[in-house]
Each structure stands twice: as structure tokens, then as C-alpha cells.
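Below is one structure, written out as C-alpha cells, with a few remarks after it.
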Amino acid sequence: MTKSSTAAPDAKGAKGGKKKATPAATKGKGTLGIPGAPVSKELARRAYRTMLEARLLEEKLAALYRSGKIVGGVFLGRGQEALSVALGVHLRRGDVYAPLIRDQAGRLAFGDSILDTLRTYLGSSLGPMRGRDGNIHRGRPSEGYHAMISHLGAMVSTVCGGLMAKRFRGETGAVGATCIGEGGTSTGSFHEGMNMAAVEKLPLVVVVANNQFSYSTPNDRQFACGDLMARAEGYGVTGRRAVGNDLVDCLTVLGEAVAAARAGKGPQLVVADLLRLVGHGEHDDASYIPAALKKSPLGRDCLEIARESLQEHGWLTAKEAADWHAAVEKEVEETASKVLREPAPDPSEEDWNAFSALGRNGEEVR
Amino acid sequence: MSNSSITYLEAIRLAQQKALAEDPRVFIYGQDIGGFGGAFKATKNLAKEFPGRVLDAPISEDAMVGLAIGAAVEGMRPIVEMQFADFSTCGFNQIVNQAATLHYRTGTPCPIVVRLPSGGTPGSGPFHSQSMEAIYAHYPGIVVMTPATVEDAYTMLLEAVALDDPVIFCEHKFLYYHLKSERLPGEALPFGKARITRPGRDATVVAYGAMVHEAVAAAEELSQDGYDIEVVDLRTVRPIDTDTILASVARTGRLLVVGESWPWGGVAAEVISRVATEGFGLLDAPPQRLNAKETPVPYHPALWGTHRPTASSVANSLRQLLEL
Amino acid sequence: MFPSPDSKNLLPIIMPQLGESIAEATIVRAAFAVGDRVEADTDILEVETNKAVMGVTAPCGGILHELTAVTGESYAVGATLGYLEISDEDAERLGLHDAPPPPVEKPKRGKASGASPVDSSKPAKKAVEPTVSGLPVPAHAGGASFLSPRMKARMAELGLHAADLAGVAGSGAGGRVTIDDLERFMQDLERNTISPASSMRVAVADAMRRSWTRPLATVVLPVQLDTLLAHRKRQTIKAGPALYALRALAMGLSEMPATAGRLIGDRLIHPRSIDIGFAVEAEDGVLVPVIRHAEQFPLADLVERYNRLVELARARRLPGSDTGGSIATITNYGVFGLTMATPIPLPEQTLLLGMGAGRITPSWDPEKKAFVPVTEAQFTLSFDHRVLDGGAAGRLLQRVAGLLGTPEEL
């Protein structure tokens, strides 16, 4: 087994031999009426920095898991950071966001922290979940950051609810967003949520990360419509496509999608092809992913593509990339060390009460 | 408000009207509830009176509940109407995995009300007759209300809207038109408190929903034989008012629990378990339960009438209990 | 635990949880040898679950100090697979020497566990005092046959037993005594003179009540005692008639030990040794000292032991080792002038040999063709009818009578 850590970029500059990422030319940008703001240097730099944070944080999570410090599971988004972050950076305070399992980058972009992430994974009693739920199930719903349940598709309608609330209150300009894998689109819950969002014309952005395998199940055993984009028309929503491992392209497409939703153009379904570069969880060696696919353009690491791209645009120097890498690594290390020493939840201090308005677990009326 | 006869159904409609009028956070979401006024007319005219706040939903129970949860998280007080309690199974996942767990997991309360037109009426058959209270009460984090009177239907629905936890509101379809009251109450019993519907000293019948009325009728029948039967109306099955149940059993020494749903792992089983555990020394006879027969709810009125407990089967059970 | 100054920082290498339902994993190979330098976050071991092959990662850099795990063997999640020697800085960071987390269970309320059943510091709960004096009566007397949990709870509160209700006519279903019946009965008692029963009385009542739950029967046999009395007269150290009977019963039982068995469920429990008790009246009750292995010692050897036990019992100083555990009891109710009785065996015993008062009575002597005066007493054998029948009881009693007729054999 090889160590799967992300090598710090060579401060002397990226190797020139690698193929440049090609933004898909056939997406019909600008034809949907609402152009997003062009990708700015500042946005791209923020997105890259967040991707780097997500990547290095997740590598630490994997290491902590393999050294027995994390129980349950660790589910990583390696290879999906570009798509995930591109949604997160386009959201703002007041939006409703329900990330899914491979959205560490999007979470950090939306305002989640390395500290909260580690606290949740390590079960610290100081974290937002207080050991009551773990890993990717974290969130702060009252701040618009929904905490996913494991039942795929369920969060689509929940985000719709948040948007309905804003509509009832006459608040405009907010969008809701959630992510799902291609496998999750097979659920009834996903279908019900999409249909409902379309009926209500909600400002909802749903990003489908088609990473080719639902756990181990290949797409030909998951859906038969060939292209998931075709479903957009069936639901009566706008469909958009992004190159899943190309940060600049993802930023462009998600920027347009979020802007369209914000402008009242109704739900947006964004489909992006990519490859998850890890197992479903860290217990899974992903042996079912063919080597050829891993070597194909789909298998290229979005973090490397992003760094090269930003350097080519002149938005990021090699030295900055190296400095960022070191700084993020240090922050992750320091935070992990701190959280590892934080207290675990104490069963005798736990109130063992699932109710908000009732005491003694529903036996006592408060 | 009208002082002429108010039905149980009208009480539910009026409670929603009051909630909508007094609390801008309230909205109602469900199939056919808008202009049409609902399959049972529980929202009649409300869409007109409160434009944009009484909304038709697609036939998507999962998404209906999901939407309510998301709105509740944002501070709204949604009421979801299931067309029939039976269909709530299609929204089960959102209720038990999302709504019920939300506060425990995240500290964010989930104040939604899901109205379940529950229980049997003649000819309704297996998919329009179910009583789901035990299933939802099983899940920590969910309040389950089972009003048996016009007054409770009104005040408890308003309580449900005000409560910070998800509420499954089991309104009984058989009572919709059968039950009438002269006026709506100004005051309610405290939330979570059972009611002694009929005091007695020879045996206690614990019931809820439509079964309260069967129990009272049975008690009347036994009073002809000189027995004095106490009837306790649980009102909410979760929280369950164990104190009132135990106090009643302490008076009578004998317990019969009646439920319209199936016996296995049900509310009656829970009541008996609590009395056996906490009040064994109060019992003069083994506690008994009377539930529906353990088959799907049959269609034909003759079968249906035997499938569920009735005044006469409750009276029979009581006679047996008094001989034990 | 604090390390001694020269101790190394040894970080256990733990088998991680490698999947939701994975309980163990098998070691495929070690990537490093003991003594190798291992960098942080590299795989030290390769392990295989039924799902995949995975790595076990070093949480920080260090020297591989020891590998306890063996290739090809399976280890549970959480098992220690080896030790990594790490720097002081890493040890500090990973909290290696921190005290272990507090125990999980920290009950905040409720009883202290491990308290002895009797807490002498607290004022003793007022002992249960029987409210009805006199002989115990059967629990299964009509009317009191079924006691509801509620009745039992109330009776426990009042310190009553089912037998106490024998005199109460039940007004409930099937003649059951109801709570109201009980309360009335208790109230009526207050009109009588009431005195507390002694603890000895309460203990006897308890034993008799328990014994009476069994079907008990008695057989009777007149036994001539002249030979025995003559034998006794010849001895310098004289054994009492009860000791003769005890020794005779011991010999009889050693010949037919099944008759002393106890029936528990569907199994007969046979005595390990022939230990026989004898009743000694003491104050307000009866004590039963025991002669152990009575079948092994001739009568003459038993006299001194017997007399000492009688004295100890009368003084109520009988040690625990000299009472209990016997398989039968001898009771000489003849000392009260009684000629015949059907006493109740102890609850844990199957047999009770009773001796009536000896009387001079005419007996037909076929040789002299005349009535001659003989000393005769009625011997009774009360027994648990579940274990033996009248025939077996009769044969045992006959054997005892026979042995008493040849006292030199005892």
C-alpha cells in the first residue's frame, strides 16, 4: 500500500509536462440568460486554498482513522474538492446548504471549520455534535448549514423547506443548495424533492457529482437514462454541466447556476463527471475502479489541475502554493493535537433526552 | 365563533384557522388542502382566508415532511396534513430519521406538526384505516397526540403548533362527524396530562382516541350490573401520563387497556408494562389489554366492526377482568 | 501511570476500525522491521478485512520498537499490534502519558452498590411482627388461595402471611379475600388482647408454615420397651430413650437411605451422611441439635455427646455446626405425658420419629397363655408422602422397633 498523502508542490514551479486541463467548450455558457460573474483571481485563490485545506484535513482524518483514533468511518472527498468548493464559495450567509458526504471542501467554503470537523470526527464533547453524531453528519441547521442524514435524497426537500420559510417571510436573494452522488439520484426522496422544488420554483441548486460508482455499483447498474442531465428537462428545471475536476470550470458553472437561482430562475441541476480518488470510505480500497479509468483524464487530481491552472493564470505563485501547503498542514496538525486532548462526552453528564420541550426523555413536561 | 354544534373536524379546522391568524410562522402543507379544502375538509376556506399559507403539495409524503423540517429549522411552524395516516409511511423516513433526531443531534428544535387522519371507519379497508400512534411513539423525540374529544382536538392542535418538538397529531376520522360539542373550550388540561373521563372504583380502563367513547359506553353498560368503572383518556400517548394511570389503578386494583391499533409492541403493551413495573403491588388481577385483531383492517363493515374493539367487546373484557 | 525517567515513549499501534461492521482484521505483512524509522502517516502494517486490504498508519513518526502482531493472525479492532517509540514532543502531543479517561459509569444517584444487606448504621426496620398468635394454619385454606399482587403488597406492609388469612371469609371473585376483607379483619383484631410473639415463636411459625406446604402423613406402631429399659438399667452411663431411638433410626436409615431422601423437582436428593437431630424444648420453642454420622458410632459412644448437646440447647448456646443439615428428627413427646401425636417434620426433612409416653399395658403371652404387663409406647413416623409411602414408612418403623428390642446391637 502506498502512502496517499498530497505532496507539497515544488516551490520551483510546476512541471511543465502535464496536460493542461481543458475547460469544456460545449456547455453553452451565457446562453441560459444569467451569466455568473467571471471567475476572479480572488475567488479562485480562495477556492484553491479551501480545496487544499479540505485535502490535507481529510488526509489527517484518514491517518487518525487508521491509527485507531477515529471510530465509525471516514468518508473522503478526494478528487471531488473542485466541484464541492465551487458550490460552497458561491454561497453566502443566509443561504441554506445541505452538503453530503464528499463535501469537505464545500463545507469549509461555507464556513465550517477545521476545528469543528476534527471535533466531530474525534467525538469531542466541545464540538457542535457533542459526540451525539459523527463525521459527515455535522451541521448547524439554525445557521442554514444542514446536518445530513444517511438516507440519500432526504436533504433535497429539507433545503426546499428552508427556502419556503424565506419565501413566507418575504426574504429574497437567498439560495438553497445541496449535493448528491449519481447513486442518490435513484432514490424516491431525491425525485420527490426535485419535483417539489420545480413545482414551487425554488431557488435551489442541486449538484450531482457523478463519480461513476455508488460505493461499488457502476453507473450501468444505477440508471439507464445515459445522461443524468436529461432528467433536468423531466423535472422542468435548468440543467448545467461542469467538468468535475476542473476548478475554473466548476467555479464558472456553479457561479452561473447560483446566480440564476438567486435571480429567481428556479431550480438548477448541475451534473459533473469526475472520479473519486479514494474508496467509498477508508475501509474500502476501491479495487472495483478500473486502472484505465484512474489513468484517464477523469482520474486526474483536481487539486493538481487547479494549482497548475491558477499558476498559468498568474493568480498563484509556486512559492505561495508551497507556503499555503505548509501553513495548512501546520494548522491541521495543531488543531488535531488540540482536539485529541479534548474531553470525550461523559455518559453520566449526558441528559439522554431527545426532546426539546420535554424533560426526562419525554416523561416530564417542562 | 359559532356556538351551535361544533364537530371534532370543525374543531381541527378552527384550531388551524386560529393558529394561522395568530402566528405568522404557521403554514399548512398537504395534498388537496388548498382551494379544495382537504379530503376531509379540515382546511375548508383556509386557503382563501390565508392566501399563500395553505398550500397544495405534490403526492410526495417524504418531500412534504422534508420541506416542513427545513422550514421549521428556519423558524416556521409548519402543519403537514397527511391525507390518511396510512400514507405517512411514505414520509416515515423524514419523520423518524430527520425530524425526531434533529434536536438531539444538532440542538436545533424541529417544531413541525404532522396531522394523521387516523383509525377506522366502515368500508375504509386496509389502507385508509390504520392507527399509527405506537409506531411514532416508539421513536424518541416525537410527541404523539391522540385527542378523543372536540375540545381536545381544538386545544391540543394549538398546543402541538406551539410545541418545539415534532408532533404526530392522530386525529380520529370516525370522530370527525360523530362527535359534537356546544362550544370550544377556553382552557385546556395541561399538556401531557391524562384525563379521568369517568371516575370509578372497580376497574380502570385506559384508552385514547375513539376507544375512549367505546370504553365509556362499556362502563355505562356495566353500571347496570352495579360496577363502577373508571375510564382514563391518555390524550397524548407520548409523553404518557404514568402518574395518572397508576393513581387510577391504585383506586381500582384492576386494569384494562384498550387500543384500536394492533397489540404487538403497542401503546397498551407500554401502559401494562409500566403498571406491572411500577405498580405491581396495586394490582388485584393480571392487567388486560384489548386491541384490534392481528390482521390488516378488513374492508367489510361486518368484519371491521369485529376487528376493532367496541363497547360490547370492552364490556366483555371488563366482565372477565372483574372475575379474575 | 507515569514513566520512569529512563523509560521510552512507547505508543501502542492499534488495530483501527476498518469498516462499519468489521470486528477484526488479519495481518498481511509488516512494511517495517523492528528498529526501522517510520514516518508519520505511513502504513506500518497491511491488514485484510473481508472487505478490503488496508494499511495501519503511524499516527506520528518514530522507531518501530516492537511488533506483537503475527502475520496471518487476526486481531480485534482496538487490539495492540505493536509499539512505536516516539519522541517526547509527540508523546506529549498525543497525550501518551495522560491519565486514562474516567470510568464511563458515574452513577449520580441511587443506592451505593456493594452495601451489605444489613446496614447496622441505620435504625433497623421494625421487624415484622405477626398479628395473629397461635398455631400456624395452612396457606391453602379456602378463601386465601389466590393473593393478588395488591394483597401481597398490603400484607407485606402489615407483616402478614397467607396463613394468617385462613380465618378470613373472602367476599371477592371465587371466594378471594379482598383488600376490604383484609382491612375489616385487621380492624376487628384490634378488639382483642394483643401481645407480641417472641422471635423464637416467629421462627417456629415460619418453619412449620413452610413444612406444611407438603403432603405429610404419619404411621403408628406400638413398641415394647422392657428389653430397652432393662438394658438401660445395666449401663453405668445411661442413654435416654430418645437416644436409643435415634441410634435405631440411624441404623435403619443406613440400611434404607432412600427413605430419607428429599424430593426436589423430579430428582431425589440423597443424604451425604446419616445426621439425626432431636428436639429439645427451649423457652418458647424447640431447638434441634444434631448427632452427625449417627450410623457410625455405637450407642455408648453417643451418650456424652448427646448430653452435652441437650445442655447447650437448653442454655440456647447451641453452635451453628451442631444444628441444621440433619435428615430426620427424633421427638419424645412422651415426656409431656402424650401417648400419640402427629408432629410436623422440619421443612428440609422428610422424616420425624415421634415417641409417645410409655405405659404399662397387658400383653398376651402365648407361652404363659396369660396377659402379662409390658411397658409399651406408641412410636410415630411422620413423613413427606411425596418421597415415600406408608409401606416404606412402616418397614422403617418396624426396623426401628426391632432394633429397640435388641438394644445390645445398638
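Going in written order, the chains are labelled A, B and C, and every chain counts its residues from 1.
One rule holds for everything that comes next: contacts are C-beta pairs under 8 Å (C-beta built on N, C-alpha and C of every residue); 3 or more make two chains touch, one makes a residue touch a chain.
Because the structure is a prediction, the values reported are computed rather than measured.
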*Which chain lies the greatest distance away from subunit A when centres are computed from Cα atoms alone?*
C
*With contacts defined as at the top, give the pair, A-B or A-C, that has more of them.*
A-B
*When you take the mean of every protein CA atom shown, which chain's own CA mean is nearest to it?*
B
*Between subunit B and subunit C, what is the separation of their C-alpha centroids in Å?*
52
_Taking the mean of the CA coordinates per chain, how far is subunit A from subunit B in Å?_
42
*Once you find the CA centre of subunit A and the CA centre of subunit C, what distance in Å lies between them?*
68
*Which parts of subunit C, given as residue numbers and ranges, touch two or more other chains?*
none
_Which residues of subunit A touch subunit C once you look at their complex with the stated criterion?_
1, 3, 5, 59-60, 62-73, 279, 281-285, 287, 337, 340-341, 343-344, 346-348
*subunit C residues touching subunit B - in the complex, by the definition given at the top*: 148-154, 172-174, 178-179
*Which part of subunit B faces subunit C closely enough to touch in the complex?*
253, 280-285, 322-324
*Name, in rising order, each residue of subunit B that touches subunit A in their complex.*
24-25, 27, 52-53, 57-58, 60, 62-76, 78, 93-94, 97-98, 100-110, 140-141, 143, 163-165, 190-193, 238-240, 242
_subunit B contact footprint on subunit A (complex, rising order)_ = 96, 128-129, 132-133, 137, 139-142, 144, 146-147, 149-151, 154-166, 168, 188-189, 192-193, 195-196, 199, 353-358, 361-365
